[in-house]
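Take a look at the structure below.
Chain IDs A, B, C, D and E follow the sequence of writing; residue 1 opens each chain.
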Amino acid sequence: MNAPNSAFLSVNNIEVIYNHVILVLKGVSLSVQEGSIVALLGGNGAGKTTTLRAVSNLLKGERGDVTKGSVEYKGERVEALTPADLVKRGVVQVMEGRHCFGHLTIEENLRTGAYTRTDGKAAVEETLEKVYNYFPRLKTRRNSQAAYTSGGEQQMCAIGRALMAKPKLVLLDEPSMGLAPLIVEEVFEIVKDLNTKERVSFLLAEQNTMVALRYADFGYIMENGRIVMEGAAKDLATNEDVKEFYLGLSGEGRKSFRDIKHYRRRKRWLS
Amino acid sequence: MGFFIETMLGGLMTGMLYSLVALGFVLIFKASGVFNFAQGAMVLVAALAMARFSEWSNAALGGDSLFLANVIGIIGAGIVMFAVAWTVERFVLRKLVNQEGATLLMVTLGIAYVLEGLGQTFFGSEIYSINVGMPKDPVIMFEGLIEGGVMINKEDFIAALLAAVLVGGLTVFFQKTSVGRALRAVADDHQAAQSVGIPLNKTWVIVWCVAGLVALVAGIIWGSKMGVQFSLVTVALRALPVVILGGLTSVPGAIVGGLIIGVGEKLSEVYLGPYVGGGIEIWFAYVMALIVLLFRPQGLFGEKIINRV
Amino acid sequence: MIYRENGQFKTSYLADQQIFTIAQDKWFVLGLIAFAAIGVPFLADEYLFRAVLIPFLVLALAALGVNLLVGYCGQITLGAGAFMAIGAYAAYNFMVRVDGMPLVLAMLLGGVAAAGFGILFGIPSLRVRGLYLAVATLAAQFLCDWAFLRIGWFTNNSASGSVSVAKLEAFGWVINTPVEKYLFCLIFVVVFALLAKNMTRASIGRQWMAIRDMDVAAEVIGIRPMYAKLSAFAVSSFFIGVAGALWGFVHLGSWEPAAFSVDRSFQLLFMVIIGGMGSIMGSFFGAAFIVILPIFLNQFLPFLGGLVGVTVSTAGISHAEFIIFGSLIIFFLIVEPHGLARLWSIAKQKLRLWPFPH
Amino acid sequence: MTNASNAAPAAAQGGRKFGDVILDLQNISLRFGGVKALTDISFNIREHEVRAIIGPNGAGKSSMLNVINGVYHPQEGKIMFRGQERKKMEPHMAAKQGIARTFQNIALFKGMSVLDNIMTGRNLRMKCNLFQQALWIGAARNEEIAHREKVEEIVDFLEIQHIRKTAVGALPYGLQKRVDLGRALAMEPEILLLDEPMAGMNVEEKQDMCRFILDISDQFGTTIVLIEHDMGVVMDISDRVVVLDYGKKIGDGTPDEVRNNQDVINAYLGSGH
Amino acid sequence: PAAHAQAAEQYFPILVYRTGAYAANGNPWANGYVDYLKLVNAKGGINGVKVSFEECETGYATDRGVECYERLKGKGATVFQPLSTGITFALTEKAPVDKIPLITAGYGRSESQDGSVFTWNFPLLGTYWVAADVAIQHIGKAYGGVDNLKGKKIALVYHDSPFGKEPIPLLQERAKMHGFDLQLLPVAHPGVEQKATWLQIRRDRPDHVLLWGWGVMNSTSLKEAQATGYPRDKMLGVWWAGAEPDVKDVGAGAKGYSALTLQHGAEPNSKVVKDILAMVHDKGQGTGPKDEVGSVLYMRGLISAMLGVEGVAAAQERYGKGKVMTGEQVRWGLENLNLDQDKLDGMGFAGVMRPVQTSCTDHMGASWVRVHTWDGNKWEFSSDWYQADDKVLRPMVLDAASKYAAEKNIQRRTAEQCAQ
């Protein structure tokens, strides 16, 4: 193993270009310590998804390329590995937008998640049970084709499918999207649970900053393809700017969405 | 009556052979979502390789053991098909992960050209023959039951049997194993399949290999029936209605589709053809498939086309 | 830096909706058309006209038609050859059966006939999609192949099934020489390309594209799938039918059903995919690629062989042609899965940014 | 977009005015094979209100919207539109009646630019026929420009001017949602159905989105049906909320009523709220 | 084999197909053609004028053929041999404009025999109507004369294309004359699927089957005949269905099958073949494999080339020996061809061919046909010489040619024009 404290995953100054012309990441560096939960925050189009794709090597399919920098996992350069190799090494991504196998049933979807595992049928069954325990809703829909399940069910399926691989590092892209509040809490509880019990590390891109910072150990904030701020989750959560822009809290606490509108609107009119 | 049965049987046997080619399409489509227009070219190359390797080995060894020559031919052709699969994955498919169906379809057309060119360059463009010792003359059966008896063509019969066994075996393999599930996953979404750790590269090599071997069997059977030459590629065009009638994603569909098309084709040509001037079987097969599609847009056994917002 | 759009501001929506929003593009294309109409007749020889330019133009027109359907409306078809045949035979029948039928009108009517059948064969598209539809359109192809071979009426009872046309004359202009034939085709192509461009930038074009990209959503915002799909079939078949008439009348002069066989259908589809689906320009790129490349290879390879001192046999050349042609298709698709037209626009984008990358 | 295009009265600040019931759903049941997506659900929607539908995942919210705009046909139940029973209809007919929607799994036309995507929303209002369009003659051109102006207004309104000509496929998720909304707006609908318009957005972006929704409601008087999982948003901007669970209705009323409904708390909100 | 036309060379373009569905048959034809031209050069050229030649691959496709024609015509071609009925149809429209004659030995439009309408077409040695006519004579002979064909049933299994359809009018005419039944059974290109066809034959049991195929269709027919038990000795093929590639891989299964010949069969022992082996192949300049020399299609190509060369030679008689001829001059030569037996024997065609003499009105020159039969290993002649019955043929040719002339607004050439 590595020296203590040396990064489990480290992304060093990477640059990503889509389609040979669209430069999206302009030198992003971050690291994830073993057994930690790291949140990647930022607005739409900041490049969170792209960063995760760069780590899991799923960029190729989007015609993107890492043109500069390096990605190291457990001290090994992984840019040349296939996504499948990475999964074998324990790095699994939950893709944004669900990407369930529509023609497969929920259960089949989950089982494909265990594709790389070699620890026997029984162990897989065990994990499957565990996933069903996490998401009882999936159990009731286990025999439906994934395409015919609801958005949230698909999201659960995608997360469950990743867990089926018994990963060491999970790249979670917007896990809370489309999930009911209770389930969102649940998902993060699961994350915490896996993190503490099985020392699974998480890198999660998330819009729901409030929850993300609550559960994360460390956070990065991205804007426009660059990391603009980083720090322990606790510090970020109390930072004034973060509070205003990402948590929607200003001095006097949370503003009603209805009121913000008028305030903003007026501001715009004035300018 | 006897004649009707003969026509039916003829159709069934031809249909079985169509199934064999259709199976190649289905396998690759299932495993990668690629509609492989190079299947015909693969049949040609496999048959050419088989015919030429056995011819050359005969010449080189000076022997005239049919068996030995055929074994060498099959091994040689098998190696060629493996090489094809590996090359296709390494230099083509790998670079086109996650692209649209039309692009992939087009690329297989490119592959078809390359294979046709290479195949003819290496193996020549004359007519060659494959002789695996199939009997050529017909036998008359059930003479006691039906007047005039029913003529059965032994060669066709054996070929159909062989095809049936192969298709049956593959059906079981793909329906019942976890590999089969992985393949369906790949066909659904390349990227997601990668993300759960299905190694696309290996999967594709394997599937194209299997498709290559299926092409080899088809090539041997068709080749020994009608000689090994360029027109073998057109066999693919006859198998297309089979594929869509059975459903692009269904191995059993390939069989049933083959039988239906085979019988339908022959009956229509024999009974309807004379009234309209003949030569109708090819379009009849397509029209039949089209009519089925109007009722079941995914073919008889295909996976339901998902259409949801 | 030759390619720059900075400083070109549009001050009205009309200006923004021009076919070419960048002046360089506009002048380039206008210049190209002018050159094609005025320059080429002086420069090209008979061989170029007859064997390269005329087939290129006609097939580009057909590919344009296919592109409207496949590229814009997303309905893959392998029956384009059949619609060319319908166009050609219908025009032929109008010519021989109606006294004094003007040539251009006959061709357009050929297109109309093709459009009619296009609608008919488009009906399955309301239920059947994607590859299933592609294969189903082969039914049209084989049915037409058969009908034109077998039903004597279509060929005016010519014994061999081969038909030919007499003199070509339009508006008092006798189209005889290769140059005249070329110009005749060029006029058709330019006019039709303009029509196609107009449709694709108007509401009908957006309806087609919406159906292509996501038909359920299209329906939800009020697009009638039936109208959109069938109109695409009709317009596309009309284009293809007219191209078919040109192919028969102007290029071949005499033809048999094999001229519009399933190979032709495939060829047209190749053109569209290689050139770029959903791109008018792409149809031309595709046609150029598919028509000219084999001819070029056929002549270039012996020359190349001559350079290194090997004589390549005819068979060798054809095989090499197959291999190189196939490899190039693969190569271009790997470089840019969306076709040559997209490659072209990326190249332009790079030029625009040059010398500063990104 | 100006007020003139829609004769709705500008709602006075604070004192929002609801009209009559515009859409009344009565005893709707919808099944897919064995799956009961909706069971005997009744509720109504009034003119000019913001009506939220909430509920756990798989409760049937999206299915409800699909029923309203004709994508799904319920096995049982009646839909009254402006007091008249609506017959079984295809989605494009619902669109013609003025029902527009956005989608949970974004359903934009990937190959088209943002402008073109929004222009498709104008389709129902464009009258020139194919020949006029092909020839690009006066009428067609004028029509195109007139509608283009409308669309530009929407683009301005949603503040997406800078991505006008980008292909939507390459846009980040949040902007795609905004374009989706723009396309629906372009239809100038009477009822706008929004399926999780704010999923995958951070607070700031949600605030923007809320602002758009409220402005639409205020300026054009559009009736809005909203599905959303962010309770903060729902409680703040909706006028009435209906709660579904396992295909059944378990609550209906003002945000406050719903918030305090025990069934709703158990099934959906949890005690945290 | 590409050699560019130079001033002092007579340039022969060669349209071939060495790949694709018909390659197996196209290859030997092309090899024979080229070898003969090489032989001509080895012997010193046409009255001293060397021959140059160039191949162009058509793949049996009409548009590729047209492209080849346009390309090679620009290089000084003076005679074309398209080797495909489809291409012939297309070029028939172009030849008069470009003033290049077309030789279609044994194929092409049957009515183009009428040289006063089809000025530029030369279906030398025979047309499909000749073949059809002789086929009926030959079948009739088996029953003791064509008049005994009454009530018999003859099935025509044909390639569904202009090539396959050409004989139908004549066969129908003959059927009317003799009262036999003609059953038409088309086979779609390329002809690998014939099960239904042969099932029908098995059901209807025609007394004879006429096979009008090309390429792989022929061997498939024979295999299906074997598979359905139809006697091969009741099958008669046209001269494009009677060569080695058609029967070789059927082997013994084709035993007893007969086919018409365009005068010649396989002629490995003829003098011209020996000359080629000695002067071309033994010098290492052979075009194809050596054991193919003298096979049926090789001979067809060889004779086709010879006819073209003789056309040039005949033109030189009039326009100047040792000169390069133009297309128009070659046309005259072809129209005034007179290959008598002595001349043929001198060129090494003894036993291979009978005399050919063309005229303004007859562009065919001869209609001699023999039948040969496959004995399991090789083709053996099995009949006497036949000739098409002019009483049947002539009116049909005139009729069809006149119709064409009317359609195209062509004036028949008058006697004076012919004499020029």
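What to note about this one:
Everything below uses one rule, namely that contacts are C-beta pairs under 8 Å (C-beta built on N, C-alpha and C of every residue); 3 or more make two chains touch, one makes a residue touch a chain.
The shown structure was predicted, so the numbers you read here are calculated from the model rather than taken from an experiment.
Relative to the whole-protein C-alpha centroid, the nearest chain centroid is that of C. In terms of C-beta pairs in contact, C-E outnumbers the other of A-C and C-E. Mean C-alpha position of subunit B lies 32 Å from that of subunit C. Taking each chain's centre as the mean of its C-alpha atoms, subunit B lies 49 Å from subunit D. With centres defined as mean CA coordinates, subunit E is found 37 Å away from subunit B. With centres taken as mean Cα positions, subunit E sits 74 Å from subunit A. Shared interface positions of subunit E, defined as residues touching 2 or more other chains, are 18-19, 23, 27, 160, 186.
Shared contact sites, meaning residues of subunit C that touch two or more other chains, fall at 149-150, 214, 216-217, 220, 315, 318-319, 322. For subunit A, the set of residues touching two or more other chains reads 22, 148. Subunit B makes touch with subunit C in their complex at residues 35, 91-92, 95-96, 99-103, 105-107, 109-118, 120-121, 125, 237, 240-241, 243-244, 248, 276-280, 282-283, 286-287, 289-290, 293-294, 297-299, 305, 307-309.
For subunit D in complex with subunit A, the touching residues are 13, 32, 35, 55-63, 104-105, 170-175, 196, 199-207, 210-211, 214-215, 229-233, 236-237, 268-270, 272-273.
Listed in rising order, the residues of subunit A touching subunit D in the complex are 18, 22, 41-46, 49, 96-98, 137, 141, 144, 148-153, 155-156, 174, 177-185, 207-210, 245-248, 254, 256-258, 260-262, 264-265.
On the side of subunit C, the complex with subunit A involves touching residues 346, 349-350, 353, 357-358. Considering their complex, residues 69, 71, 90-92, 94-96, 100-101, 103, 107-112, 116, 119-124, 126, 128, 130, 133-136, 140-141, 144-145, 148-149, 152, 183-184, 187 of subunit D touch subunit C.
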